[in-house]
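Listed next: structures, encoded as structure tokens.
Below are two complexes that have chain A in common, paired first with chain B and then with chain C.
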Partner chain A sequence: MASSRVITHPLSRRQILKGGAALGLGSAAALGLRPSWADPWGQTSVYAKGVEEGPEVSLAIRRESILIDGKKARPFSINGESPGPMIRLKEGQDAVLRVTNLLDEPTSIHWHGLILPPGMDGVPGVSFPGIAPGETFTYRFPVRQNGTYWYHSHSGLQEQLGHAGPLVIDAAEREPFRYDREHVLLLTDWTFEDPMSVFRNLKTAEGYYNFQERTIADFFADVREKGLAATAEMRGMWAKMRMSSRDIADVTGSTYTYLLNGHSPEENWTALFRAGERVRLRVINGSAMSYFDVRIPGLKMTVVAADGQPVQPVPVDEFRIGVAETYDVLVAPEDDTAYTIFAEAMDRSGYARATLAPREGMAAEIPERRKIADRGMEAMGAHDMEGMDHAEMEGVADGDMEGMDHSTMEGMDHSNMQGMSDERSRMNANGMLAAGAAQPGSRYDQAGIGIDPEARRMLVYRDLKAFTPWPDRREPERELELHLTGNMERYMWSFDGKKFSEVSGPIHFNKDERLRLILVNDTMMEHPIHLHGMWMELENGQGELIPRKHTLNVKPGERVSALITADAEGSWAFHCHLLYHMDAGMFRVVKVS
Partner chain B sequence: MRKTLLIITLGLIATPTFAAGKHGGSHGSESEADIDRTIRFEAGDMWFDPEGLDIVSGETIRFEIANTGNLEHEFVIGDTSAQEEHRKMMLEMAGSHGESGVHGGHGGHDGHDMAEGGLGSSMPAVTIAPGETAELVWTAPENAGDLEYACNIPGHYEAGMYGDIDFQG
Partner chain C sequence: MNTRNVRTGAGTVLAMLTLSTAYAEEGYDAPADWPSPMAEHNMAMALFDRLEYAVPDKGHEELVWDFQAWYGGDVNRVYLKSEGENVQGDGEDAEFESLELLYSRLIADFWELQGGIGYQGGVFSDDHAERSYGVVGLQGVVPYGIETDVALRVSDEGDVSASLEGEYDLRLTQRFYLQPRTEIAVAGSEVEEFGVGEGLNSVRVGMRLGYEVTRRFAPYVGGYWEKQYGDTADLARHHGDPTEDSGFVAGVRLMF
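Coming up: the complex of A and B.
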């Protein structure tokens, strides 16, 4: 595959694409125009072409020249593909995954969302030493779950450069939905810059990639709308937080090319269907830093799984997918026409796009992009400006980020505030909320910044509901509260104000205890928090039917909780899945013993 | 296990739909004799087994539908557009956010009812709690367009809980 890619011929890219099509889809894939798992006909008509079928799989990691968005690039490749091939396992197998490092630097692969022995988790320095250049590491683990997952490097910033791929586990038993065809949609954010220089830019110049900062014109517009005093006050508040209200994402479309199955919006990767079919889309956010809002204008999407776990079906028009999350949705296109799969970056600085069509070469209209959102009061936990009490706002403005008083935060959340008497009635003997109850300060019924809930039906965490209770139904024995903290200006990100380099030791879970992890986001950005080795049962208010996830999106100012059964002895990574946040220190080790 | 018997006669076009329901063992006098065949259905999460049905116009079928899933389901017979109307209605009843999955889909009746399919038409329907079995007796019409059976509780149809009814001969 690699060799066929470097053939020099005088054809234009368009001609190559045409030629590829003429030779058949397989040839197009052989030319490296798309990762071969991203075959347009999906699983039902094409098998094993480029898909690495388990239980035994060999993967070779290289750095090589591959065109991305038609431009020269040097991504990491896995078996000649970037992003890598789909690994397809079956529930009940014993997987043997051999990873050979053909780089001149150490590498690793973490199997994101899989429950496995600690030595097989693939985090250098936590699970194993990493894979040295020239070495092969063999991962062996029993596959005892099913669904849509992914894999990626857990070494440095390699993941930013395509060191990732889909991981699908076929269920041993009938799944709670049915479909005729499936496609994997892997979202990534590609940069032609060196990730180290991206990180340096973030460190040295806050807002480096943010070209949407407020200007003097915005200031006068604000003054017109809100009056001079309020405007000045808000400006002061943001200045104190060392943030701009337009810091929706810290790395943006100014450097990123958003890819869907390795293809830029212009390349328009196409997923094929026949009218009347029910199509399962396995959507994976394999980005380093980007949240996406995904929709297919003209089609209702029914969410049937979150983070690989089945959920009671929820018909929606759009869903927000945090970094490292996965959602499975079903669509049923009735017409013989093309539909745009539109994944708009949360900060509106760009989008990934593909087409769902009955034939190659079709395209549908690309929706108008929404305007950049302003964090405004939404970030502070209030749903709308009008409901905002002025005194509370001052309270916040006076507090520094780290020093933010939690009680103030709670008080601000008008939309979700529970009455105290109601609260007490839901408490158990230990004075803790009953298992499954939503924490005050959570906003599970909101999708987040930049979303007009009236515009279309948007998936929210509250919608996620399991079919049956998870096996461990014990009430939590204790609560562990962690604050997500940061200083945007110095690009420091941490838990409880301490970077990973500053903490004295791991977070300790007692073996087999049932605990409640409470995450309080003291920052003004979303953080997708990922726990390795154990599920987090998101207490979204669905009682016994709470969903379990491997990655929890915590919105700015939000307080969320998850129940954990600490049954996985060993050391596990626990971190923010925004790559540069993790690298900056928002990372801890959890030790279960 | 509670059994509900509902007898439905779907007449010709422009004939008002006639439905009669009885509980327990005291079936209507015409029921047993008029039933041409009995079909056992399984309603799981989120599927029907069988996934399709061949019928002959005019035959009277007794459906025995066992809910083997964890959620409440319904079994509604009607044409695709009426089913879609019914789904829209149920989605609105469920509200936009919060509690997904409507309980007692047809307004708290004891298991069976006619489901509103828009434009004043109604469809034979039965709601089945998890672990229970319900019965529905239905006479296939002479001419009925695109008929299907479906569960229209929000998300269930979309997840695949429906099947086509094909007329033979």
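Coming up: the complex of A and C.
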């Protein structure tokens, strides 16, 4: 085992010795308190406990009492740990993953982001019947990719209660970047409530978890800042729509404890490093509902992979990670000091936190949380704006936009408006945009709500460039447009206005066709859209070097597109990865034949 | 109260709910014995929007309730709604101003069309005049966020009446809210037993200040003013009741 790792990531003798020292720390993990992939010394070959090394892995799913944030909780556990152990496979292996259900309800595991045969994808009702209580299901598939992924239950709302874990695949060949040490950072949102009661609260009482609603005080503050007319106009528009501009997250820190590697901010899980080392952080958003903004004050991060796929390095100060996305970043701390890994929930209602430090027991300053932002015009949709009376729009832009965060303003003036004329001139022979071109109405140059692009360098989708072009360079043969739709008041979520229970039959992809999927977000919330079984090449304007992803964040009112090579025959799930949106109906089956 | 009607109504509604949750299977590869990948969930909710003690200037003190509960899916639901009061110290039992069993269907993003049967009269006693009626209503939220409930009722005697309720929550802080509300009642014909005259019957406006201890439990205090008009006012005068009154209320909003 040690030797195979040495080939992939050469370890110095010094590091191996350090890893040996970590064995002492390992005894706490051996008690089953925490997954040991969350080992402070990172993944070293001498510290394998709690990491399930492939190609053959057995996983037992239970429901058991475990302390979370020091309080009694009853999560789902995988081999006694919640979130579950890290599964480590190697590109080129034939994986054999045996999952035994020791629950009194059916369960499943989906290997998020893996390209595999349809029967092995782990979605009950689409790939297989699910795993009945007492049964073992054996997943077998060839591992033909590498990078940072994760796995989770695809049954009911189990994923909310810790039924998830990291899945890392070591590359067969040298990766395009080097590092001395790696850590997995798995972000999750834990609730002590029953997930079904969370769902019921969302269904029966709009804004149940939002304790950052606008109040009369916000109104007067806006009047002071922007004047009565502009404030009244903006508030009037939102009131007329019967929506809340503060609806950034449906489920918030009022019930969630945000966890990093299973630890609350107070528990301050620590990842260790030696000054001068280059550390790879494999960041996974395994949350049910929460987007995070991740930064390490004092350290520049270099993004080197997105959704497991290598990208050309992007130095950033902060990145937003949508639900189910993964990013690999490199950091190179020069000083013998502690750094805070700060993952702030997008609605600013809480944060997950860990410390990157040369020794245990250290802590750095925790940044202040930002104030919740109000959604602005951009949430009302690019298409709506086209039809909108221009005078009215200008009026709002003059008054309200001034105080609004800068990203919002740019969305209106630049990508939507200017983008349209730029991109429309780049049509191909079929009258479609050329492969890789950004759709009018996309906002790839913006990170999204609540971000001040002036404050620090933030990763945006436009930055993502594939390391080398992906193999299928065909122009799309056809376009398929889907609208992301919802009824906030009823908490109904859907594609093209129809919940899964209301549609008749799957979305059809022709076998081996090159297809452009256009996603238009008609709602006022972000949706992380996940396609199983095939990559989506995000047309972020990078031409030949468009990146490929398994999960695409579509911002409110945005129109994004992806190229798909429909080479995976069979039936696949396609859905919003916000757990309660999916359960409320934002789910489709894609059939490739 | 006509129990046969209630049973028939409830049966029809349940049948519709079952139909709406059937799994569309066309074109899927999944064998019939596999579960649907996404289950539909029926839910239930019960709300005492007002459960309050009212102290009027002129009339009798009373315990008032305004209750609604529903069961169903996103589109089809069964509602049970009731408003009523128990006037204190009049030696009579509580009275349902309305007790309604409704089928409700979502017809637009913010609107439900509702229809069913209702009962007005004593709770467990013959202290009050009784009648049953059919009701059609529209419940929803108008632009600018005012929660609205309009209902048209036709009694078993053929008497027609209508009511309009509107309520708005103004958020003062994350937990304090100010809630203006109004109720307007009109009738097509005079029904003396129920103190109802032809035309505009009454207008009632209120203002409540609530504090959400949790989303499900909010005690409040407030005041109201009401006035009766036309024949309705004459009937009230005839019985020696005030035609205009105002008062103080204290109560809780409870959600289950």
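Here is the rule we use: the second predicted complex is superposed on the first by the 502 of 593 C-alpha atoms of A that agree within 3 Å, B and C clash if a C-alpha of one lies under 4 Å from a C-alpha of the other, contacts with A are read in each partner's own complex, and residues count from 1 in each chain.
Following the convention adopted for this analysis, contacts are C-beta pairs under 8 Å (C-beta built on N, C-alpha and C of every residue); 3 or more make two chains touch, one makes a residue touch a chain.
Since the model is a prediction, treat every value here as computed from it, not as a measurement.
Chemist: Overlaying the two complexes on chain A, which is it for chain B and chain C: clash or fit?
Modeler: fit
Chemist: Which partner reaches more residues of chain A, chain B or chain C?
Modeler: Tallying touched residues of chain A, the top partner is C.
Chemist: Using the superposition on chain A described above, determine whether A:R462 touches chain B (first), chain C (second), both, or neither.
Modeler: first
Chemist: Between chain B (first) and chain C (second), which, if any, makes contact with A:I68: first, second, both or neither?
Modeler: neither
Chemist: Report for A:T302: first if it touches chain B alone, second if chain C alone, otherwise both or neither.
Modeler: The first partner, chain B, only.
Chemist: Once chain A of both complexes is superposed, is A:L185 in touch with chain B (first), chain C (second), both, or neither?
Modeler: A:L185 contacts neither chain B nor chain C.
Chemist: Once both structures are overlaid on their shared chain, how near does any Cα of chain B get to a Cα of chain C? Whole angstrom is fine.
Modeler: Between chain B and chain C, the shortest C-alpha distance works out to 38 Å.
Chemist: Share the list of chain A residues that count as touching for chain B in one structure and for chain C in the other.
Modeler: Touching chain B in the first complex and chain C in the second, no residue of chain A appears in both lists.
Chemist: In the complex formed with chain B, which residues of chain A make contact?
Modeler: The contact residues of chain A facing chain B are 174, 176-179, 278, 300, 302, 304, 312-315, 330, 332, 445, 457, 460, 462-463, 465, 467-468.
Chemist: Taking the touch rule as given, give the residues of chain C at its contact with chain A in the complex, in rising order.
Modeler: For this pair, the touching residues of chain C are 20-21, 23-24, 26-31, 33-41, 43, 45, 74, 106, 109-110, 141, 143-145, 170-174, 215, 255.
Chemist: Using the touch definition up top, name the residues of chain A that touch chain C in the complex.
Modeler: 106, 123-126, 128-130, 154, 156, 196, 199-201, 203-205, 208, 211-217, 236, 239-242, 487, 489-490, 492, 499-506, 570-571, 573, 582-583, 585, 587, 589, 591
Chemist: Please give the residue numbers of chain B that touch chain A in the complex, ascending.
Modeler: 44-47, 51, 69-71, 91, 96-98, 100-101, 154-156, 158-160
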